[in-house]
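As written, the chains take the letters A, B and C, and residue 1 is the first residue of each chain.
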Amino acid sequence: MLSPAILVPAVLNGLMTGAVYALISLGLTLIYGVLHIINFAHGALLTAAMFTAFFAYKVLGLDPYLAAVPLTVLFFALGYALQRFVIGPAGHGDDRNILLVTLGLAIVIENALLVAFRGDTRTINLPYAFDVIAVGTAFLAVPRVIAFAVVILVALALWLFMRRTDTGKAIRAVAKEKLGAELSGIDVGHIYAVTFGLGTACVAVAACLLMPTYYVNPTTGNAFVLIAFTIVVLGGMGSVAGALVAGLFVGVVESLSGLYLGESLGQIGIFVMFILVLLFRPSGLFGERV
Amino acid sequence: MAEPLLRVDGVSKRFGGLLAVDNVSLGVQAGRITALIGPNGAGKTTLFAMISGFLTPSSGRIYHRGEDITGVPPYRLARRGIARTFQIVRPFAGLTVHENIAIGAHLSRRSREAALDAAAQVAHLVGLAELLDKPAASLTVAGRKRLELARALATEPKLLLLDEVLAGLNPTELAAMVPTIRAIAERGITIVMIEHVMQAVMSLAQHVYVLAEGHILTDGSPQAVVGDARVIEAYLGRGAAARLAAAGVAHV
Amino acid sequence: MRALASIAVVVALLAAVPLVTASNVVLNFLVVALLTALVGQGWNLLGGYGGQYSFGHAAFFGTGAYATAILQVRYGVNAWLGFAVGIAAGAAVGAIIGALSFRSGLKGSYFALVTLAFAEVLRIIASVAPITGAGVGTLIKLDLRPEALQFQSRVPFYWIILGLVAVSLVIVRMIEDSRFGAYLVALRENEDSAKALGVNTTLIKLGAMTVSAAIAAAGGCFYAQYFLFIDAGIAYGPWISIEALLAPIVGGAGTVFGPLLGALVVKTLGEATKLVAGDAPGLDLVIYGCVLILIVAFAPSGIAGLLLKARQRFAALKSLRPEQPHG
């Protein structure tokens, strides 16, 4: 059972799945690190992005990897607008209110998708979805390898953005010390909206990476987002490096336990891990003590 | 010297790499007003937080009436008769002044009426009788400070820890508040106060501890402490005492 | 005890409804609305008064429902006894989740997350465990006798749920007037100050959560008896967690009548939506989500808050009028 021929592909697959998890978690942790809110609407936004990618393919014939570009822009704008015009104003800066608003958004988006598209599951059938690349003794599906590579690129791009651009530096300033940033002339409302937009854009990219190998129905996003929450809490709320490492870790754990334990128990396992981390170390392995 | 009501014994607090409080020992005699002064960042509020159970010391012990209270949670300390106010006052918004004070009065009273009655009396002591039915959120800074005081008093403490209760008050408000604090002490309540307002310290405190960079610099009567060159330097910088002397400024 | 009098008036008015109408449509609507009001009142105690927002009240609702259903179906336990056990089971689950969460110091969004997670775990377990009938669900056998807590007509059901709502109103009113209630509200406003004033905030939160869970579980038990069928999605699904918080937020969190007011408004909206736009699944929840956002944005104190402001403004206007000679 523990032969390398089985383990190595399982681990590699886990890493590739974990990369996409990490990307979803990246968006979540970015939003938390800067706005200090837990975005309950993250899952619904992922589902919406996946549906959009699906229809881009079905209606426009757009390959999901190509669709990633316009989708990222579209969802960045959506995220920006949501924070600037809905969450920010409706929340009145009160934590409890913001909590309810993001929950409300999640309910609206998810159920709007349900009304529009029913509960049926949709999939894309790409001609190259089942092609494989041989790596040593393992055969890795092409879409997953592409996904892994894209996540690395996105993470790198985000890192450069944060370090090198003015907006990126402003975001880091607001995350560290909001009042000081405000006094320095930074438009905090705008930065909040940009960050939310970036977080949503991450989700849009992840959606395009998932569609070739996964299905979508109105509740798909929730399953992923719970894993994302677990990763964010494990890796430390607000820690980007933590989200990446924890994402890969969770991907591998899921792959290995799926190998030995099966689907349902796997789901419960993730929830239980999530609850345990929240109860015993909500600051995660990288964050400061809550 | 009688056993102090409160004894802090070699207490330190470390936050990661930062040593906020460094081996502090002090004793507070019952029935006296003791002041804790020192420049900002000296560790005074951290020390208070440890005494009042909000933080656990990294090392050292704290004794109340000879019993070890290190690490005992705040609500249990309140039942022992130790109350504290907070530097940043935050009344229970949405409740009236009366209801705010009643929360404190409930410590020894189950019934709502009894608590509200006791609260009304405390409000008189502290000068808030006129404002009982006002929403707490509508009070001025001075009003909120009094409310903070009233809430703590309503728990009927024997030891009252005041954290910068005079900060942010204008001279008139100060002049009104100082006698209130003195009246509280005259009822037999031991007071430890963190203060920056030196006139208040001089006129109220019988004993002063000076904290700088996490450790006790010196202690003694207010007059002795304020004239101490090291204390002047802690506030005004190195060499300040000599410069002041050279400029002909007499020590107090 | 003016407030108890107002509870009596409201309950009496509602109790009179079956005496003026025989319409099943009206009765059914009110039963469902009162059920929402009950579960919402449970949420209100912990969330409205205590400020701890649970996103997983389904955990208690579902436990009550399953406990009473399983006891009847698999062990032949009397329905009324099953009801009582269901409430106790829900309270126990509340105490456990509360103990775990509050002793870890979870609050705010973290608390909401963990309650969400617990509800989901229960839902998944219920969807695969044989004792709950797994995917098929649990069906309570039709047995239209009062001893089995089932009735031919809707009217007795109506009075039972009204009775439960009345009890919940009284419980919350009595808590409002007690030290426990004062401490609960204090810790909602500022937990540190409350601690410094002698409040054992962990214990108070735990107490509120346990009572809150018991009330929600009562709702679950009633649901099982009224509809006679539950499955994992019904018992532990997000729909009830959402309704549990929507009713009090809309009606006015932290007030005695908030959940009842909110439930009537929300359910009316749901029915109106169905009339206008048909029975598309999820449409009512879209409306509910929009309502939630709008209420938080424009009327965070809910309808009760709006009524209070209107009354204050009216009183202020009256006092501005020129002095009238008093008799």
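In this section, a contact is a pair of C-beta atoms (placed from the backbone, for glycine too) under 8 Å apart; a residue touches a chain by one contact, two chains touch by 3 or more.
Please read all numbers here as calculations on a predicted model, not as lab measurements.
Centroid distances built from C-alpha atoms place A farthest away from chain B.
In this view the innermost chain, defined by its CA centroid being closest to the centroid of all protein CA atoms, is C. Looking at contact counts per chain pair, the maximum sits at A-C. Measuring from the averaged C-alpha position of chain B to that of chain C gives a distance of 44 Å.
Here the spacing of chain A and chain B, counted between their Cα centres, is 48 Å. Centres computed as Cα averages put chain A at a distance of 33 Å from chain C. With touch defined as above, chain B holds no residue shared between interfaces to two or more other chains.
Counting partners per residue, chain C has no residue that reaches two or more other chains.
On the chain A side of its complex with chain C, the touching residues are 37-38, 40, 86, 89-92, 94-97, 99-101, 103-108, 110-112, 114-115, 118-119, 218, 226, 229, 264, 267-268, 271-272, 274-275, 278-280, 282, 290.
Chain B makes touch with chain C in their complex at residues 52, 54, 73-75, 78-79, 83-86, 90-95, 99, 102-104, 106-107, 109-112, 115, 151-152, 154-155. Chain C meets chain A in the complex at residues 51, 53, 55, 100-101, 104-106, 108-110, 112-114, 117-118, 120-121, 124-125, 128, 242, 245, 249, 280-283, 285-286, 288-290, 292-293, 296-297, 300. Every residue of chain C that touches chain B in the complex is listed here, in rising order: 177-179, 182-183, 185-186, 189-190, 192-201.
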